[in-house]
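Each chain gets a letter, A, B and C, in the order it is written, and its residues are counted from 1.
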C-alpha cells in the first residue's frame, strides 16, 4: 500500500459523441491504485465502470485528464504496442468467461503464454501452477462445456494470472453465476490478493462481491465517490 | 401475403450472407446456362427455311475422297432436285497456318440458288460471278481480317499444288455457315490443277422438305455401283455428324452440370443451416405467438427458394446478356455460328433454382419447425 | 508469426463440422471437375506427346499439315530411302516404309458413326512401329484384305473384334489381329497392307514415308536434304515433333476446361467466404478475448487465413479422391487435323493432383481473406461494451 501508485489518474474524463449528442461517461475522476490493493468499483448500469476498466487496460482512451499506468504513456502507444503491454501487465477476467470452447482448460490458460518466449516446458509449468492456484488441477483436460459456471470463471482467472501480470482487472466476474459459484470465484480472487499480493480491480454491481475487496469506490453518473 | 415482409426482413438481416449466397449460386448457374446452351447449339444447328431444303452428297467412304464433277449433271436430273453445285475444300494457308477458316472452291452456276439464304448485294454478286479469280467472304470472316471489297488475297496451297490468287468481290451474311467462310470459283481451281475434273461434295436444293429422304435415296442409288459411291443426307444431319465426332459431349456436359448442381445445393444448404441456427430462439417466439409449424416451414422454405431462385435468374439471364453481346461466330471461327440462351434454358435454370432452394432448406427447416417451443426459447440469442 | 495454436483452428472447424463439411465438399466437387477436365486434356495431349521414336522421321508433302492430306508420287520413295543417313537393317534393307492414309466412316458401339484412320503399310512398316504389340491374333499377311485394329478401337467400334469383317471401299476386310501401342496416337488406327488400300482406293500414291536415321545428326542431315530439294516438294519432320504438333485438337476442350475452372473457382471462393464470415461473426467474443489477452491483429488474420486454407486443403483432398475413379477411363474425340477419331484415356498424374490441390488452396485463401481481415478488425470496445 506504500510507495509509488501503480495507477494514477487525475481529472480523467471520457465523453462519447453520437450524432452531435454528447454523453459524459466519466467525469473528473481522481483515483490512485497501489500495489497489493484489492479495489472494487461499484455502481449501477451505465455508470461508466466498465469504461474506466477499459481505459486502465489501454483498450479505451480518455478524452480528458491525466493518466499514468505503470509509468507507461498509454495514450501514445500503438495498437500493437498496447497489445504487448497488456500481455505483460494486465490479466483480464470477463463476465461471460470468454473461454475458447474448442480448447481444454489447460489450452485456454496457456494462451497468454504463447505470446512470450517461454519454452514449451516452462509454459506447462506455469499452466499447472495457475490451475493449482485456482483449485482446478484435476480439470486441466476438460473442455469449457464440461465445467460448471464457477469452474469456467476460475479457469478464466487462471488464464488472467498465468503471465504473472502486474494487476488483474475483473469486469463483473460473478454476474452470470449463482451464489455458490460466485463465492468460489471471489474466494480465489481474495486469496490471490492476500497470499500473493496481487493488485486486483473488481468491477461489480453486487455489494456482496464488493465486500471481498479492501477498498470500495462508487461510481455514479461518471463521478467517483469513495466509501 | 404478409409473409413476404417477414421473409424479406430475414433475408436482409444478414445482407452479406445473402449476397454471397446469391452470388455463389448465380456464378454456378451462369456456368450451367452456358453449358446447356453449348449442348443445345451443338445438337440443334441453326436452320433457315432455305437450309432445311439442302442436302449434302459426299463420297460414301470418306469425306476426303473426291467425286467426279460429271456427277453434277446426273444429280441435277434426279426427281425432286431443284438445283445443285459442287464444292471442294481448299484448306489453304492465309499468311499463317494458325489463321484457320473454311475455304471452298465452288462452281458458280447454281451456287446462289442453293444458298438462297446468303444475303449479298446484287452488284457484288454479279461481279463475283463474272470474275474468275473473284471470291466472296462471309461478313464475320471479313471483320476478323479486315477485308474489304477489292482486296487481293493469296491462299497458299497446302493440300493442292497451287496458290489461289483471289480478289474479294463480295461480302455475304447468313448462309449455312453464318458468314464465316470464303468461296471462290471451282472453275479456277480445276484449271489450275490441269482439269482433273473432281470435286469434294455436292450441295443440293430440294423441291420440298418432305422429299428429302426420297431424293437422298435416289441420288445414292444412281452411283451405288460405281467406283465412287455416294452418301447423301440432309445438311442438318451432315453438320450433326461433326458434332458427334467430338465425342459424347452430351454426357460430359450433363455430368458436369449435375456435379455443379450438387455443389450449389451444398452452398445453399450451408447458408440456410447457418441462418436457421442463429434464429432458433426467434423461431421459438414465433411459435409461442401462434405460428403453426406449416407456416414456419413455408417461411423458411420461402427464404431459401427466394435466394436460390434469385441466384439462378441472375446467373442465367447474365449468361444470356453476355452472349448476346459477343459474336461467338467470329470468336470460334464459325464453329459455333450461334450462341443463344433460349427461354427453355432459362426456364430450366429457374427450375434448378427452385429445386436447390427446396432441398437446401429441407432438413434444417423441418427440424426447426418441429423443435418444441420451450427448447427453442431456452436458447441464448 | 502464427502464434495462435492450430488446435484452435482445427477445433473450431470440427465444432462446426456440418458447415465445414459442406464447404469443403463444395470446394471438393469443384476440384473434382477441374481435375477431371485436366485429366481429359492431359490424356488427349499425352497421347500425342508420347508418340514417336527418337531418330525417326516422317516425310510428307511440303505444305501439308499432316499425313492425312499429304500425297506424293511413289517414285520419290526410291529417292528418299537411299539418302545417306537412313538406317539399314542387318540385311542391308533401308529402314523406310511408304504408307498411305485414308479415312473411313464406321459406326461406334452406341450407333453413331465416326471417322476412323486407316493406315496402309508395308512389312518394313511394322519394323518401324515397334511400339505396336500384338495382343491377340496375328500380323496381317500382305496381298490379302486383312486388317489389324488397335485394342481401343475394337472396344469402341462395332464389328472390330477378332474374326469380324467390315466393309469399306470395294471389299470386305477381315480383322486378323489386335494391337496395342501403349497409349500413342497409333492406338486410334486400323492397319492394312499398303497395296490393298492403294488398289481399293485407286490411289497409287504415298501419304507419307516413315524412316529411321542412324543418329540424331543423320536425322538432321536428312531433314535438310529433303527441305533443300525444291523439285521433290517434300518435308521431313521428326516423328515426335509431328505428333506433338497435333495437340491443337485439344484446343476446344482446353478452352472449355479453363472456362469451367475459372467460373467454378469464383463460385467456390464466394462459398468459402460465406462460411468463413459465418465463423468469424459467431466467434466475435472469442476473438475479443484473444485480443484482450494480447494477440495482435496480424495473428488473428493469419489464424483465420490458416483456417480457410485448412478448409481449402480438405476440399482439395476430397476432390482428388472423388475424381480418382476417372483415371484410365477411355474415350475418344475428334482429331480435326486428321479428320478422324483419336482415342485416349483420362489421365490423372501427380502433377494434376498437385494443381488441383493448389487450386483448392487458392480458393481457400481468396475466399478466406476478407473474413480474416474482418476478424482481425474486431474492435475490443464493441465486444466489451455489451
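Brief remarks follow.
Assume a residue touches a chain if its C-beta (ideal position, glycine included) is under 8 Å from a C-beta of that chain, and two chains touch if they have at least 3 such contacts.
In this text, all values refer to a predicted model and were calculated from it rather than measured experimentally.
Chain centre most remote from that of chain C: A (centre = mean of CA atoms). In terms of Cα centroid distance from the overall Cα mean, chain C ranks first. Chain centres here are Cα means. That of chain B falls 25 Å from that of chain C.
Inter-chain centre distance (chain A to chain B, centres taken as mean C-alpha positions): 69 Å. The centroid of the Cα atoms in chain A and the matching centroid in chain C are 64 Å apart. By the touch criterion given at the top, residues 50-51, 54, 57, 59-60, 79-80, 83-84, 86-88, 92, 94-96, 98-103, 107, 111-112, 114-115, 159, 171 of chain A touch chain C in their complex.
For chain C in complex with chain A, the residues that touch the partner chain are 3-5, 7-8, 11-12, 14-15, 285-286, 288-298, 380-381, 384-386. Interface residues of chain C facing chain B in the complex, by the touch rule stated above, are 18-19, 22-23, 25-26, 29-30, 32-33, 63-65, 68-69, 102-105, 112-115, 168-169, 201-202, 252, 256, 259-260, 263-264, 266-268, 270-271, 273-275, 277-278, 282, 331-334, 339, 341. Chain B contributes residues 16-17, 20-21, 23-25, 27-28, 30-31, 34-35, 38, 60-65, 91, 93, 97, 156-159, 227, 231, 241-242, 244-248, 256, 259-260, 262-263, 266-267, 269-271, 273-274, 278, 335 to its touches with chain C in the complex.
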